[in-house]
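One structure coming up, written as structure tokens, with questions to follow.
Chain lettering (A, B and C) follows the sequence in which the chains are written, and residue indices restart at 1 in each chain.
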Amino acid sequence: MPRKVLEELQDLSRRALVSPVTFSLLFAFALAASIVAVTGGNPLAAGEEMFTGAVTGSGLRNTLGRAIPIVGMALAVSVAFRSGIINLGGEGQMVIGGLAGTIVAIYVPGPGFLIVPLAMFTGAVVGALWALLPAYGQTRLQLPILITSLLLNYVARAITGFLVRFPLADVSVTLATTRQVPETTRMPKMPLFGGVSLSLILVILMVVGLWLVYSRTVMGYETQMAGFNMRSARYGGIDVEQRTVQVMMVAGAIGGLIGTHLIIGEALRFIDGELVLSGFAWTGLLVSLLAVNRPIPIFVTGLFFSGLQIGGLAMQRNAGVSWRLSQVLQAVVIVAVACRLVIRRRDRRPSQPVDAETAGVGEV
Amino acid sequence: MTFELELRGITKRYPGVLANDAVDLAVHPAEIHAIVGENGAGKTTLMSLLYGLFPPDEGEIFIRGEPVRFDSALDAIAAGLGMVHQSFKLFPTLNVADNVVFRQEPTRRGLIDRAAGAARVKDLAERYGLAVDPEAAVEDLPVGVLQRVEILKALYRDAQVLILDEPTAVLTPQERDQLFEVIRRLREAGRTILFITHKLGEVMAISDRVTVLRRGRAVAHLTTSETDPAEITMHMTGRAVDLDRRAPEHQSDQVVLEVGNLTVLGGHGRPVVEEADFEVRSGEIVGIAGVAGNGQSELIEALCGLRETDAGTVTLSGRDITHADVTERRRAGLAYIPEDRYGVGTTRQASVAANLMMGHHRRPGIQNKGWLDRGAVAALARRLVEVFGIKVASVSGPVETLSGGNLQKVVVSREMEHQTPLLIAEQPTRGLDIGAIEFVHGQLIEYRDRGGAVLLVSAELSEILALSTRILVMFEGHIVACLDPRKVAEPEIGLYMTGSHLENQVA
Amino acid sequence: MFEQIFDTALFDSATRAMIPILLAALGGMICERAGVFQIALEGIMLAGAFAAVAGSYLALNSGVGVMFGVAAGMLISLALAYGTVTRKGDSIVLGIALNLLAMGLTGFLLPQLFDVRGVFQHARIDGLDRIAIPGLSQIPWVGPVLFDNTILTYVALLLVPALWVFLFRTPIGLRLRGVGERPLAAETLGVSPTVYKYGAVLTSGALAGMAGAQLSLGNVVQFAENMSSGRGWVAVVAVMLGRAHPAGVLAAAALFALAEALGFRFQGNGLPVQVTDALPFVVTLIALIAARKRFARLLDLTTSA
């Protein structure tokens, strides 16, 4: 028995060593270190600050706290990607849903234990409705979600910016912002590492839930098969259009939840542009790509990327190296991974295996 | 004497397969040399080696006595070889002239001299009787003309040896006759033609000499005028052919599928299937014959719910499914072995088990209130693998590692498992080896004998003749004949397939 | 009212808004013709804008700045070419990641190199001069709008007919289109898809880098974080709407630029900036809806339903 465990461990470490992810991480860190060195910093000191900043002191709490939106947005992306839908509208879904949830938390009277869930629910619904636009754009008008979802991000920015500056503005401050979320309707903190938002539980539940859906349910099976090969799925009796709409709504709902959490659990005010600037939607996208859209690896990778960012902030404070280095690191990892392997997406190979151009016979 | 082209001891191995085994081939100048063999006998591999698409493991190639080595098709072209592939290598949005002159464009002051290119093309076309408009966009041309464009491409590059890979597979008999005329003219002009086929009639009609391939080996070198189809067949198959497995009649009056005046529109709003009217009864196999592209695929897609119908009705076991979606149709009792087993029939990234459960995944027992019963899924997969003898290492392994025959077994077993009243099988044996073909045929017959109704579409007339209880012939979207295989011979079906007997419309 | 809005100043600002989009979109068009889906334009443009400012700052010369911008664009597109062509990676994944890389890298280098946050303005940065073309610039209306502009403006406008001739009248252009349409067919005739695709992607990098230089040295003389602000994505749409044809791409770019310029104008007339900022994107979406059914290929490519 122990022998078997040992063998498994050996096998696992062997696979980890040759894994493209390992290579990509090493490559990214090496590149980041050289960028720091070239721009006049000390890569070793920066690295040390990054590490200690992420896990010591308040670092662990902050890392967990930041993992909430990163993992959440990664889950939102993964749901779509797994079905072969390229939803780049996470940002807009998060911002619109977030503002809707915030409005509920600020303006709807009532006790916190009712209003907080109501705010989250509202955020989810509005996020889902926003995501419905590109979904129907694709199923009804044949507009690629990739493009429309992205363009709608800018529209969402404009809408929220307008609302926050005019009808919802807090005129007592110079910032373009809503009023502060009242204390009673904020997302509670758990007594864990000095106060981590309760939303962490929600995110963990989503991770487990999605894992169950994909591994155990008909719906998960169907979405996944549609993601692999649309024609085959349709032939097998799966309604791909309906799945597209459902999946986009789920993705939008998760985005809206996270957006609401970011205000009523963290920022407490919806400041124009803040949510966009945080870049969580995009970090989440990178996390999902690196974790190949699987829920549990997303959780692990999300924690790692969160640590990178928190550590990056510490590095900026203590070593004078901008935290944006973390962003560079994350993107480089994905570029390296994408060069090493093809992220599984829907099969678009023409029918015949021998010759990619055979499809031309009939349609030339 | 010097051969125009000679291969000596050409060998090519793939993992587990000896695709070409010490093949010798000698071709005289200005002769039409047929290379025949069954599917999988190694014809296409041999020609690809000759054309420099990949190198042989062993063996030598000589052109006019000189040893040559081709690292790419470009070398082969430079040495005077030209190949017309089975799947055309043309650029759809470019016009004929641009396709022909591609990479050897005549230029004037750095710009393409379109007039000169078109003139060259026109000149070549007229000399060899290849009627083509140089200005036409390739995407608008019918298949027969595309083939002429491919031949022009080779001639433009001054090919002395022209390799034609299964050139008649996509042609109507008229187009085929025109092609033969072109080939004869080319021979008269001193060019050498390698003609790859598995159709004996064509071998007898056009070739001067024949080389027969079987299981990767060149088993016979014959002179056409001194041989006959029976001898060639014997060399091709190594045994007497016995495709005839017509089982006793199992007459039934129970209509399973009823198609009434079905019309399906194609891409440009033209009908691709027009007023198709037929029925399939339980216990019979109805074969649909026709040259590929005469509406068979569209008819099947419409029956399966993958394509909109424009007019008419489809009734399955008494239920009107004209406008039902795929799921409803499957539930109403339809299983479907699609033509494209790679792109439609299976999902290559998914596991064998996931592919085997497609379509079964909503069945009670496999799922309960939306939760998959993973034990039941595994049991289903293991049972199908065992019963149908699918060779896989593990049902959780990816399906993309399976061979074509095994992949088709995955599709066939899964669709059989539905035990529906109606099974639609589209080109179920295309590209399979003899063993797999026999397996699939056996399954279809068993299905029929159990009282199932089978609608079979095949480009192989021999397959249609061997299996069908009734034969429908499609031509240009119409069902032009309903024939009894016991009372009809291949040539007669051929007449219907080409529309030469439109006045005799039966269906 | 109408004349108050549609005056020379409006078209002047429309021209300025159009040039970066046009340059990037022409690059994207070449990639599209070569069969590479280029969605890293946004990031390349941003990196080009940053590098152009850095180069101009270092050398006190806008020409050097433009060269820096072009080099930065080509560097990023080299990663895209390597990943998609050589490694056969996914162009969409790579494009997204490269966009984010450019965002992170410029955000990182800005404080690191110049010790500023958000916006970098400096007297050392040499902007691109407006060069009035003698004679032509005197033409009423058209003159000041088109012929009193930066060198990159003229480059962009001349590229439209030049690329038209290149794509449809030269052997290289024919081969490029062949590669994009049927790479294997091109290969059997001795035209290497790899070479052509690399060439196309690198060219698009150079053009999008130039677009960035026009943003940061032409339209303004400064670098601001994320200053490409969606223009690269608009360029991607312009390629789609313009059917990868130079004239079509020009028309699409002009449409978006006009929307942007109108936005500025309405802003001056009292509409909130948030509303006017969204105008080009709304116009883009409407144009997409109007021209739908042309995107079958992209829909296929982005593997959607």
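Definition applied: contacts are C-beta pairs under 8 Å (C-beta built on N, C-alpha and C of every residue); 3 or more make two chains touch, one makes a residue touch a chain.
These numbers come from a predicted model, not from an experiment.
Asker: Which chain pair shares more contacting C-beta pairs: B-C, or A-C?
Answerer: By number of C-beta pairs in contact, A-C is the larger.
Asker: Let me spell it out: compute each chain's centre from its C-alpha atoms, then which one is farthest from chain C's centre?
Answerer: If we average the C-alpha coordinates per chain, B ends up farthest from chain C.
Asker: Find the geometric centre of each of chain A and chain B from their Cα atoms only, then give the gap between the two centres in Å, rounded to an integer.
Answerer: From the centre of chain A to the centre of chain B is 46 Å.
Asker: What's the distance between the Cα centroids of chain B and chain C, rounded to whole Å?
Answerer: So the centre of chain B lies 46 Å away from the centre of chain C.
Asker: List the centre-to-centre spacing of chain A and chain C in whole Å, with centres computed as mean CA coordinates.
Answerer: 28
Asker: Mind pulling the chain C residues that touch 2 or more other chains?
Answerer: If we look for residues of chain C contacting two or more partner chains, we find 182, 184-185.
Asker: Note the residues in chain A that touch 2 or more other chains, in rising order.
Answerer: Within chain A, residues 355, 357, 360 contact more than one other chain.
Asker: Show the residues in chain B shared as contacts by 2 or more other chains, in ascending order.
Answerer: Counting only residues that touch two or more other chains, chain B contributes 89-90, 92.
Asker: Residue numbers of chain A touching chain C in their complex, please.
Answerer: 35, 39-41, 84-86, 88, 137-139, 141-148, 150-152, 154-155, 157-159, 161-162, 165-166, 226, 230, 240-241, 243-244, 279, 282, 285-286, 289, 321-322, 324-328, 330-332, 334-335, 338-343, 345-346, 348, 355-357, 360
Asker: Under the definition above, what is the set of chain B residues touching chain A in their complex?
Answerer: So the residues of chain B touching chain A come out as 86-90, 92, 138-139, 141, 143, 146, 170, 293, 304, 306, 325-327, 330, 336, 338, 340, 342-350, 354, 357-359, 361-362, 367, 370-372, 374, 404.
Asker: Enumerate the contact residues on chain C facing chain A in the complex.
Answerer: 39, 79, 82-83, 87-90, 92-94, 96-98, 100-101, 103-105, 107-113, 182, 184-185, 230, 233, 236-237, 240, 272-275, 277-278, 281-282, 284-285, 288-289, 292-293, 295-296, 298-305
Asker: Which residues of chain B touch chain C in their complex?
Answerer: 53, 72-74, 77, 89-94, 98, 102-103, 105, 107, 110-112
Asker: Within their complex, state which residues of chain A touch chain B.
Answerer: Interface residues on the chain A side: 216-219, 221-222, 224-225, 228-229, 231-239, 344, 347, 349-353, 355, 357-358, 360-364.
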